[in-house]
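See the structures that follow.
You will see subunit A twice below: alongside subunit B first, and alongside subunit C after that.
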Partner chain A sequence: MDILLQSVVNGILAGCIYALFAMGLTLIYGVLNFVNFAHGELIMWGAYFLYLFVSEPFSLPLWVAVAPALLCTVCLGMAMDFAVFRPLRKADRLTLLIAAMGLSFLLRNAAQFFWGAEVRTYGLEITRGFRFLGLSLTANQILIIGVTVICVIGVYLLFFRTSLGKSMRAVSDNLDLARVVGINARWSIRAAWVVSALLAGTGGILMALDTNLNPEMGVINLVKAFAATLIGGVGNLWGALLGGLLIGLAENLSVLVISPGYKDAVAFAIMVGILLTRPYIVTGKRMD
Partner chain B sequence: MDLLLHLCVVIAIYSIFAMSLNIEVGYTGLFNFGHVAFLGIGAYTSALLSLAGFPFAFCLMVALAAAGLTGLLLSIPALRLQGDYFGIATLGFGEILRLVFQNEVWLTKGPMGLPGIPKPEMLGVRFESLPEYLGLAAVAALLTYLVLGAVTESPFGRALRAVRDDETAAEILGKNAFAFKTRSFVIGSVFAGLAGVLWAHYTSFVSPSDFTLNETIVVLLIVVLGGKGTRPGPVVGAVALIFLQESLRFLRLPPEWTRYLGPLQQMAFGALLVALMVFRPEGLIREKGRK
Partner chain C sequence: MSKFKALFAIVLLVLFVASPVRAAQDTIRIGAAFALTGSIAVYGEGFRKCVDLAVDEINAKGGIKGKKIQIVYEDNKSTPKDCVTAVRKLITVDKVPVLFGPAGSSNFMAAAPVAQESKAVMVSAQGTAEKLTQAGPFIFRIIPSNAKQGQRLAKLAFDMGYKKLPVMYVNNDWGLDLKDGFVESFKKMGGVVTDIIPFDEKKTDYRTELLRVNRGNPAAIVNLTYINEGAVQFKQAYEMGIKTQWLCGSAARAPKMVELAGKAAEGVIGTYPSVPQDTKQYKAFKDAYRKKYGDDKIPIFGDYNYDMVYLVAKAIEKGGYTAEGIRKALPAVAKGYKGVTGDKTFDAKRGMLNADMGLWTVKDGKIIDYKK
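So, the complex of A and B:
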């Protein structure tokens, strides 16, 4: 029983992080109508930027280093759009997709070039978890839940309480119509990249705090983020949140019945399951 | 001389692999990002069977059948998806298959890999030495070129291009787009399996690290660089890329650089892929009749 409960808690923790990834992915999808195959690399670079600032020569304290790390992640996201996706706004899907795939490959190997392929950590001391009703929770894990809640509230306020959020929703619904009524689409697109990169970087940092960093962490998390967006309905922010939590739970509960080596396969299995049973989720109006 | 023969074998195998992806990406417009999975299925199937003592011809047939069947099974859920979604689904499949190779230790020996795969023996000839193996790989590549060429030049090939260019129009003309995509995917999978078989018996060793996303990117780059949707494109791309890759060896770099060389080369491949898409998406050879 304790194991089951602990798995549920671990699932929610992982799910919070997946939700951050998925919300960023679905946001770019909504505004620009394409899947950013390099989203996983924003996740990975977010974590590595923090690593850069906490190690030599900066050696900043972890909490201080978060700000420049996130700033760099946002810059990377903007640079991606500027150098690759903006010149290809009118390109056909195959071109766009291959370019995004190439970009992801470039960024992943760049991280490997600077830091090597090995697994790294931020070098934090291992702290004893708090015991609570037979569960074990570390300070990091409480932080994960706290930060996710803050991010979700922040996204909600941005989208539904500001005029920028309103224009982003308008662009997401119909770009041409939004332009006709005088919405500055360029700013909405930039804002979408900023928010997407912030969510990816935050999630990547939280994940690396709780486990470790390696250059491959982007690819596998892209698949999970995508599975989460499929569950929630593509382009739907709250669906992505829910989907992320469900993927996290399913993964951690799966360990009770199948080999842990296949934990990463669960998201894919769920994805295929959805495709087989509820294909209309992914063949809705946004699927052209 | 041996190096040149070796390069020719590698080019022949990569050409087959690239041609098999070209029928999907180039002719049918299927964004298969997990193509390496079928290379792996071909390689592992043939390796396991020949290590168990079966003759090469039998191993080859079973390996091709296994790759084709897996392609068929994957296509049923995956082909319900369009564009990007199909890409992610196949990407996930490729990663899952690597996990299978890595975790099913009883069958695949896991990360240790399978050493000592015997050289092929067929029709009384044992393809042991480099020139002999090159002969085998070259014949296989030529056959692939002719078969896939005939397929794509036929009415079937025209239907594939019609589905790629305008699925709705193809459906209105009475073409079952799903059926055409499935067939294209299965054909591509079978030939990727062939490349895998040739690769496994050539290096005589397979391990999960041979079948990562990197291979998918390399083969995608070959197809795009050569010119997707053209007959000679994948071959031209394979020659260009393998020589590009190998020429790095002749740069006399200090030994402490070698750690950086691999990632640097891969970065160059990624950058080349992006640059091609932005500046010359049609590749070296342009498809006839397309702007």
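So, the complex of A and C:
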């Protein structure tokens, strides 16, 4: 029983991180109508920006370094849009897809150029987790859940309680129509990049705090985020949240019954299964 | 018109004179299809340091018959597919008759048939899968195979009194091969393997795998893991409060792993193809490494890479700078050769005849030899 409960907790933790990634990914899809394959690199760079600020010559305390790291991630997101995606705004999806993939390679190799391929950590002291009810939880893991909840509430408030959020939703629904009724689409798109980069950077930092950093961390998790996005219905924020949690739970629970070698396969099996049978699971409407 | 012809001829001549093929005649070029980017670049960078060290030494002493050695590095991006591309490029474009193969048994085995078909000698200094050299007579391994290590690990577990334990292993050719070697020997000795759990490389979260392997709180767990994976696993196991004796293989025996895992790696015990460190060869190697790189954190398998360069250099000196010559000369020069990593004599399968298996452990953040 303990093992089952602990697996559920592990699944939720993994799911929180996937959800943060998936929400950022789905947001850009919703507003700009393309899958940003370089989203994984925002995740990775977020974690590495923090590494940059906690190591020489900045040597900031970890908590202080989070703010400039997130700021840099947002700047990177904006720069991505400005340099690559904005000039291609009218291009077809395939062009955007290829551009995003190229950008992903570029950013990943840039990180590897600066920091090397080796795995790094923030050098935090390793501590035993807290134990209660037979469960083990570390401070980092509590932080992950807490920050995810804050992010989700923040995104909710932004989208449903501010006029900027309203215009973002309008742009997401129909860009041309939004323009016609006088919504400033440019600001909505910028806001989408800021939020997407913030979510990616936050998720990347949380994950790196909990485990470690390497230049490939973005790509690996992007695939999961992508699956979560698909499960939740592309462009749907709450769907992405649910999809992330679902994948985290499913792959962790599966380990108890089947060989962990198939852990990744479980996520994809669910994804394919849902796409084939009920693509309307979250959106309430058929995707096609 | 004839002016054009003359010009054309001059251009051709210049191109020919300036071409690298021409320049190559003054140097001995050896290929190296190393992981310089990608997931196992953390190993590749260390190999490169040790290869460069050996090359610098040989060149400083006058090279091979007066010709300097030049290593042509090709990044294999840590994937089997790119390993094949890298090896093919080295053989067809750079035209090297001999090359140092990629790390990682899966990667090496993907590329070995290419080298064999093209009749280029390919040597591995870190691939330990038993089947590694079966692609053909041009493929060599200068590190002991997993079968021998598996036996030693089984004996270690038995000697320590662990007769029932679960096994987890990194799901690739190296892990699978060593797991097979261990399980077979352990069962033969009368041991019981309670669970066998493969895990994927490159993951950041192994908590649930650890949860499963720790089911029933076994006194010892065999974990055939890599550097990064091991670091994450030991850290997470520590956080989860898993108290067990970890028994590992050679791939985790790296200062980097201990640095990453910190105190969570304390007390881990493992096997490795041992290299007696009190020989004069090893001391000289260590001194030279420190002199060149400023520290004595010898990268994992770096010593084998260092020996590989010397062996191949000797083979070129004896057999000439052709693949056939090197292939024939390699076993002859290796016979009885005492390198940094011990006796390098080949067996009939072009693997190592003599293999000492040592034990390592982590104490106070350092990797030391384990003694009972």
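Keep this in mind: the second predicted complex is superposed on the first by the 273 of 288 C-alpha atoms of A that agree within 3 Å, B and C clash if a C-alpha of one lies under 4 Å from a C-alpha of the other, contacts with A are read in each partner's own complex, and residues count from 1 in each chain.
Here is the rule we use: a residue touches a chain if its C-beta (ideal position, glycine included) is under 8 Å from a C-beta of that chain, and two chains touch if they have at least 3 such contacts.
Note that the coordinates shown come from a computational prediction; the quantities given were computed from them, not determined experimentally.
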Side-by-side fit of subunit B and subunit C on subunit A, or clash: clash
Touched partner set for A:226, first subunit B, second subunit C, both or neither: first
If touched residues of subunit A are counted for subunit B and for subunit C, the larger one: B
Touched partner set for A:242, first subunit B, second subunit C, both or neither: neither
First, second, both or neither for A:212, with subunit B first and subunit C second: second
Contacts of A:271 with subunit B and subunit C, given as first, second, both or neither: first
Contacts of A:131 with subunit B and subunit C, given as first, second, both or neither: second
First (subunit B), second (subunit C), both or neither touched by A:116: both
First (subunit B), second (subunit C), both or neither touched by A:158: neither
First (subunit B), second (subunit C), both or neither touched by A:94: first
Touched partner set for A:60, first subunit B, second subunit C, both or neither: neither
Selected from 4-12, 22-30 or 112-120: the stretch of subunit C that, after superposition, runs into subunit B: 112-120
Residues of subunit A contacting subunit B in one complex and subunit C in the other: 109, 112, 116, 220, 259, 261, 264
Footprint of subunit B on subunit A - complex, ascending: 34-35, 37, 84, 87-88, 91, 93-99, 101-110, 112-113, 116, 219-220, 222-223, 226-227, 230, 259, 261-262, 264-265, 267-268, 271-272, 275-276, 279, 282-283, 287-288
Complex contact set, residues of subunit B against subunit A: 25, 29, 31, 33, 76-78, 80-85, 87-89, 91-93, 95-96, 99, 102-103, 213-214, 217, 220-221, 224, 259-260, 262-264, 266-267, 269-274, 276-278, 281
Subunit A - residues contacting subunit C, complex: 3, 6-7, 10-11, 13-14, 109, 112, 116-119, 121, 125-129, 131, 136, 138, 207, 210-212, 214, 216-217, 220, 252-253, 255-256, 259-261, 263-264
In the complex, subunit C residues that touch subunit A: 36-39, 41-42, 44-45, 171, 197-200, 202-205, 207-209, 211-212, 215, 227-228, 231-232, 235-236, 238-241, 256, 260-264
